[in-house]
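Residue numbering begins at 1 within each chain, and the chains themselves are lettered A, B, C and D in the order written.
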Amino acid sequence: MHYHNLILPNNYINNEWATSKQSLAVYQKYTGELLANVSIANEKQVDMTLQTSHESFKIFKKFSVEKRAAILTQLHGLLKQHKDAFADLITAEAGKPIHYAQNEVQRALHNLEDGIRQTYIFSGHQISMDYLNGKGKTAYTIRVPAGPVLGITPFNFPLNLALHKLIPAIAVGAPIILKPAPQAPLTVLALANLLKQTELPKGSVNILLTTNELTQKMLEDERLRVFSFTGSDRIGWMLKNKAYKKKVFLEMGGNAATVIDASADLKRAAKKLAYGSFLYAGQICISSQRIYVVNSVFDKFLQLFLKETSAIKSGKPFDPDVVNSSMISDNDVRRIDKWVKEAVEDGATILCGGQILDEKANIYAPTILTGTNDRMKVWQNEAFAPVVLIESAPDFKTAVRMANNSRYGLQTAVFTNNFDQVLYAQKEIEAGAVIVNDIPGFRIDSMPYGGIKDSGVGREGAYYAMHDYTDPKLMVLST
Amino acid sequence: MHYHNLILPNNYINNEWATSKQSLAVYQKYTGELLANVSIANEKQVDMTLQTSHESFKIFKKFSVEKRAAILTQLHGLLKQHKDAFADLITAEAGKPIHYAQNEVQRALHNLEDGIRQTYIFSGHQISMDYLNGKGKTAYTIRVPAGPVLGITPFNFPLNLALHKLIPAIAVGAPIILKPAPQAPLTVLALANLLKQTELPKGSVNILLTTNELTQKMLEDERLRVFSFTGSDRIGWMLKNKAYKKKVFLEMGGNAATVIDASADLKRAAKKLAYGSFLYAGQICISSQRIYVVNSVFDKFLQLFLKETSAIKSGKPFDPDVVNSSMISDNDVRRIDKWVKEAVEDGATILCGGQILDEKANIYAPTILTGTNDRMKVWQNEAFAPVVLIESAPDFKTAVRMANNSRYGLQTAVFTNNFDQVLYAQKEIEAGAVIVNDIPGFRIDSMPYGGIKDSGVGREGAYYAMHDYTDPKLMVLST
Amino acid sequence: MHYHNLILPNNYINNEWATSKQSLAVYQKYTGELLANVSIANEKQVDMTLQTSHESFKIFKKFSVEKRAAILTQLHGLLKQHKDAFADLITAEAGKPIHYAQNEVQRALHNLEDGIRQTYIFSGHQISMDYLNGKGKTAYTIRVPAGPVLGITPFNFPLNLALHKLIPAIAVGAPIILKPAPQAPLTVLALANLLKQTELPKGSVNILLTTNELTQKMLEDERLRVFSFTGSDRIGWMLKNKAYKKKVFLEMGGNAATVIDASADLKRAAKKLAYGSFLYAGQICISSQRIYVVNSVFDKFLQLFLKETSAIKSGKPFDPDVVNSSMISDNDVRRIDKWVKEAVEDGATILCGGQILDEKANIYAPTILTGTNDRMKVWQNEAFAPVVLIESAPDFKTAVRMANNSRYGLQTAVFTNNFDQVLYAQKEIEAGAVIVNDIPGFRIDSMPYGGIKDSGVGREGAYYAMHDYTDPKLMVLST
Amino acid sequence: MHYHNLILPNNYINNEWATSKQSLAVYQKYTGELLANVSIANEKQVDMTLQTSHESFKIFKKFSVEKRAAILTQLHGLLKQHKDAFADLITAEAGKPIHYAQNEVQRALHNLEDGIRQTYIFSGHQISMDYLNGKGKTAYTIRVPAGPVLGITPFNFPLNLALHKLIPAIAVGAPIILKPAPQAPLTVLALANLLKQTELPKGSVNILLTTNELTQKMLEDERLRVFSFTGSDRIGWMLKNKAYKKKVFLEMGGNAATVIDASADLKRAAKKLAYGSFLYAGQICISSQRIYVVNSVFDKFLQLFLKETSAIKSGKPFDPDVVNSSMISDNDVRRIDKWVKEAVEDGATILCGGQILDEKANIYAPTILTGTNDRMKVWQNEAFAPVVLIESAPDFKTAVRMANNSRYGLQTAVFTNNFDQVLYAQKEIEAGAVIVNDIPGFRIDSMPYGGIKDSGVGREGAYYAMHDYTDPKLMVLST
């Protein structure tokens, strides 16, 4: 394994490694082996982080487009050099199947490429105002960074979701403080090693783990002006109300629904959805969690789906064929097991799976439930587990209504070849995105990604986050 | 006076007049005469408001562009019919000089015209994604209303600042609850009379006064998804942290600075700034409060400015020549008088004014101070009074630094004919807008308007607010 | 009839009526009654037109957005006042059924409304160039009128197609010379009467009929910089090569195809297509001329289509129920009669119609042919007559191929509820627009309208033509 | 020298080398040494070129964004490998000073980078039409290639100006036929060697030299739909009128003017302008040819300018310090010598230069004239030689008028620190671009580049040319 060289147990503050007394143990998720004891930044370090972000802003915001693009290009080059090691580290600390960890690193590289493009192209607008008091004036906006950013990122895409905050920050010249997930912080900390080799000004990227109290301190600090969070909705909404004087962007999860019409290519849908439901133990914000199939093809689709599910390999994450591996913690395995059991008690039927496959390694079996209802946790909450519901609906419109029956609205998929239904979905589906004839988990990193309802506010993707991290400054010129 | 017919003492909920036991007395600001006892909505009424907004959303969001534009056109026609009465009512309840109240109504009409234009033109974007997993897919966004809006508006432009929230809400099909300022709520309530005559669906616009507790209840209600506030920064930031699960937009004040270079047309600058400093007793978010003049022309400019100031007429607001009239409350007159006195004690000199002109009518004299420093309230706070500081600076760059020395950043003006300085201002001035060779108070309602630092987040102007009140819904099409 | 007051037999040059010796007789198309002998501008007048356009440009290009929008608003008001008379005049001189002439005037008003909106909103772009030699520079474009425009318009929408050139010209401050169709010039000349009452500067709009030689002189004159033509492709391509030093935009006709799949709502398609095939004797650039139906529903659709066609009323144009009336000339009736006969000789079958209904009034019967092939004139040429082909195709893809089998490509319609096919049509159809589930004749005047292949270059619709009639002027600012 | 390996004497048709009997001798411009006898394509080869372009279009237009970007990336990599050899070849065949030839290759690489970015980002627009007949419809445009392109390019930037046509063609999937300048065709032919190594489909890029007659044949061929020309205006306008059924874009030269105000940094202006006037013997479309200085600083500027000019090194192009070297032909040296003499006869004074420096190598001395008038060829024509006029003007506005006194309008520079003048220049200067405080020769390849008046129509820069080489296809969706 190549990842050991990448492991750094310290925080990265003002371009230096910061060590502290308090630490957090980080384990290999499949084997349980200890990977590192990572420092937990103390109050003084957090203060320093805030101050260096603040100071760095004065310098970084004046960097030219060329220089900011060059830094992203440097980072791209460095990450490319270490891509195997990063994939291995992700698999180790996050339990992500290795083929999918490699895919994450590849996406991170594409994400950087998109960020470089956007850096070159980003600009303000001309403002037409040759009328009323504006007569004869020339006006335009330029985009200026709103201020230092605080980014909090989750364990499941430790590299790429951190980059979804880091790239736009660098792209616009805004310093950023990244706080990675305690379950899998090593990847982001390893990134610091690369960042140190770029021309980033001191303090423009700080990475640290710290306590909840000190995180709240950062949230309340007025010197930071943007807060971007990816994580659970419960935490996200709560933090939003502490993010004093900050623009707040929240990318929270969902319980992604899929609607399947009789006109769909069922075989293709089944194959894609099996992968999209169980990949990485369903620990993806837009993992397929709820499938609603119109009556007439329910049985047929179910057979296909069961067959495809049976081909999903569970096991150790470094096996290149494995799709479903360790969940992030034993707590989570126990939680999902309990949810499934509760669902069964309330009337649901297990069509496959429904049990823990490997207690030690926290692997839960790919599980399909039916007979569920909207009071069950497996329906209304985010499962973040290899569990999917499948229910039949009398017709397409009812299926859409069932899909909308959720407090979330991130991405919803529709499989159909009926054009009426496509336009109906466009109008009626309540989600940040409607994916027609692909899984709800479809994403390329340049697209606007984000949700409505409890799934959050704001959109990620370099171009969109660059707008969020900046303000327009209006110039009104006349003599 | 035509305004009496417009006065309505009730709240407007679900297209009906809602009366309650608790009420608030609203006075003519110059004469002190009682205009109305306006109902304060009770808890049941607030609940009803929330529920009707919620219900109305389901209907209103499906209105076509054509229908939404038609409603704005209807409102425009009705307001035009009653424009004199509205101007009179504004003058009566807000103490605004009548020529400026008439100007406000005219702006409101232009604001509606812009809103109608934007309604027709508003749209999403094509998303290029014919690469990676997106290969072969067609993708675009449509803009969908984020949900019902809560709008809180101030007393100083009771009509037009309410329209700055109402127009984008109608334009995108989002219901809105408007809470006008208690000092001058009659104008917005009078608007209800017009709205009732349009094709707006029931409950899509509710207007009510209520208590702080019940306002907080609305802020915390999850059914509202957007909160747009215009008012003081202290209140605004505080409310932001209670606006649970809402997108928040704050247009708060400033202490607008102006920088004057030796190359400027001093006479024109002096004339414009005298008007821009004392108009409506300085009760304008972008009223000119701080002027920094480069040394070499300080004396010359000062003489011109004093002369122009001496021509500013103070007195009763219905006099068409009056520029400076009653402040909104005796508290505010006493407050500014105290601030000026404190400044003098701390070393400032009064160059003109510096006293209450009319105790009964709350008129404060147009006041120019010099010798101030950044610890004084008249420098660092928002004066919202006919008080302006004028200081000399060794050079242009220092003057810019002095202008930036503020926790606010809404609009800053620069008078210069030096092109270097124009580009320097573009780079260095910390504000939402840089106005070159016009007053900081320059605004046409279609432009992006809003600030940075403590002046807020978000931009008003129909086009910009329409983006804020909507989310992009991404459609990804493939077979 | 109200139209007599509108008739003006003179040209309109430099805001004056210009009369000349040579004239052209214009007739009522249904009755044959003489409407007017219209002057044909002589060489001196054409020279004056060119010179006044040139002179006017210097003044007009400096008009503010506000003033240009005001002029369009004035024109809108005036046209609205005379809308009935204009509709009557169109019916009289162009033989257009009165309900459709009224529709044209209504569209013209909407067209003006869109033009006013676009005038306010039109602007250049920010240019990102903070890299390489552009580092530190601010750059943006402003849109400046390219110069005076020469517009040549056809008889079939004498008002609205002239406005499609007039509106963008006024919107951007470009003078325009309009040359209406000799068959129906009175409507455009009547417009002069309205234009005279606006604040347009002298010579900014000139309207004249003239000889082919003098038209060519205008085409070759370097003082005109834009040439916008609507008419037949043969003439258009020929004129393009004489339009010396001009930007050239050609909106030429087509032989619009429609593809009908088994999944379509056949009844609705039949109803819409019968109207879209025979309305105004098919004298519409996007009149439905070729219909390709998938085999399985060919018979069913044909029955429906025949039934709907039988309900199409032919007769005098002032009858409000008439859909098909006089063709523009007896030459054209004879031409189409000959084409139909040739087709029959070559194997085609007449399913209905196929003869002249009223020799004197030049009315041709609504005609449906089948068994046609691509060598026939009724397939490959633009029929501009109430004639439509209907053929069956083995499948949807073949039907698309048949639709593409044409040297034209303006608008093509597809009736289907199959989503695969919608995306297939998006990829494969060769046309300026693909209309899904509506007739090829679908148009709202704000949309981009224009073709590929022999149908032309450029797009009309105020926003698009405003771009065509202007150039970007790049400002690169630095110190 | 590395360039010999690059020399290929054949045309490149359908991915093969095509040789013919007729040939053209290409010489080293400084030494006169024969570099190659290049084939002149015969009629059969031209026919094949047209046909393969036509065939290739069917395939190439379906290439995904990803594939097109990949091809540009491959070309970038290959060009980078050979960058020294390409620079040497440019210097050899075009007589371009080596430091500037190296700069051209570097720009070509940046041009490709920009093209790659734009390929990823290019897209259509959403069309708002939820009103009138469009109610309920979804509409958007996609950009489709207009058809095969014919590109004719000049000798002076043999690589980069060819890329300005090649890049957008590849970027949008349009085949292109490139016809390089006969004076210096080797660079473009050498490019074929690289193109052959990419994944470009057969026939999508053809490169050939041919006769004028056969060029005209290509211009008239309907299978080509876009004609993009860079060269002299006389030729350009003439070809435009033969470019049957094509969209035409002309980038022709100018006689670029510079206006200098008293407020400018004269030293910096003098230094930049000396380089911008004599670099590459002035054989640059935006070479500084006319300088107008306000009276008060005329003498001072002139002294500075003469001093800077005296530092310009003339001599052999492979000398890294040389700025002014061989002109493209002895004809051109004789022509400019004659123009200068005629000017002197008509009253002009030679301030420096004014003679041939090296007869054999066709080097003309850096020449400054004064006392010129607008009837002289050195004023009104494009000099394309190391000759610059300098005249004084009573004031800035007059200087602008003198600058505008030209049938060209490509790029005009203004050196000033007076903001009034900047805005005056924005309004009044007649050119495609106004460069404030830099030379008229300022260009980065991503910016919109092109002129008005006799300087042409259309704008180059990948983004702009990609729009020119495509048409919008409107999709109107409804059920």
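Heads up, the rule we're going with is that a residue touches a chain if its C-beta (ideal position, glycine included) is under 8 Å from a C-beta of that chain, and two chains touch if they have at least 3 such contacts.
Keep in mind it's a predicted model, so treat the numbers as computed, not measured.
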{"item": "Result of counting contacting C-beta pairs for B-D and B-C, higher pair", "value": "B-D"}
{"item": "Most distant chain from chain A, judged by the mean position of its C-alpha atoms", "value": "C"}
{"item": "Listed pair (A-B, A-D or A-C) duplicating the C-D contact set, over half by residue number", "value": "A-B"}
{"item": "Length of the line joining the C-alpha centres of chain B and chain C, rounded to whole Å", "value": "46"}
{"item": "Inter-chain centre distance, chain B versus chain D - centres from mean C-alpha coordinates, in Å", "value": "51"}
{"item": "Where chain B touches two or more other chains at once, by residue number", "value": "120-121, 127-128, 131-132, 138, 141-142, 417, 419-420, 422, 426, 436-437, 446, 477-479"}
{"item": "Residues on chain C engaged by chain D in the complex (per definition of touch)", "value": "62, 110, 127-129, 131-134, 137, 139, 141-142, 146, 237, 240-245, 247-248, 417, 422, 426-427, 431-438, 442-444, 446-449, 452, 454, 457, 459, 471-479"}
{"item": "Chain A-facing residues of chain D, complex", "value": "114, 117, 120-121, 138, 419-420, 423, 426, 446, 477-479"}
{"item": "Complex contacts: residues of chain D adjacent to chain B", "value": "64-66, 69, 120-128, 130-132, 135-136, 138, 140-142, 263, 416-422, 436-437"}
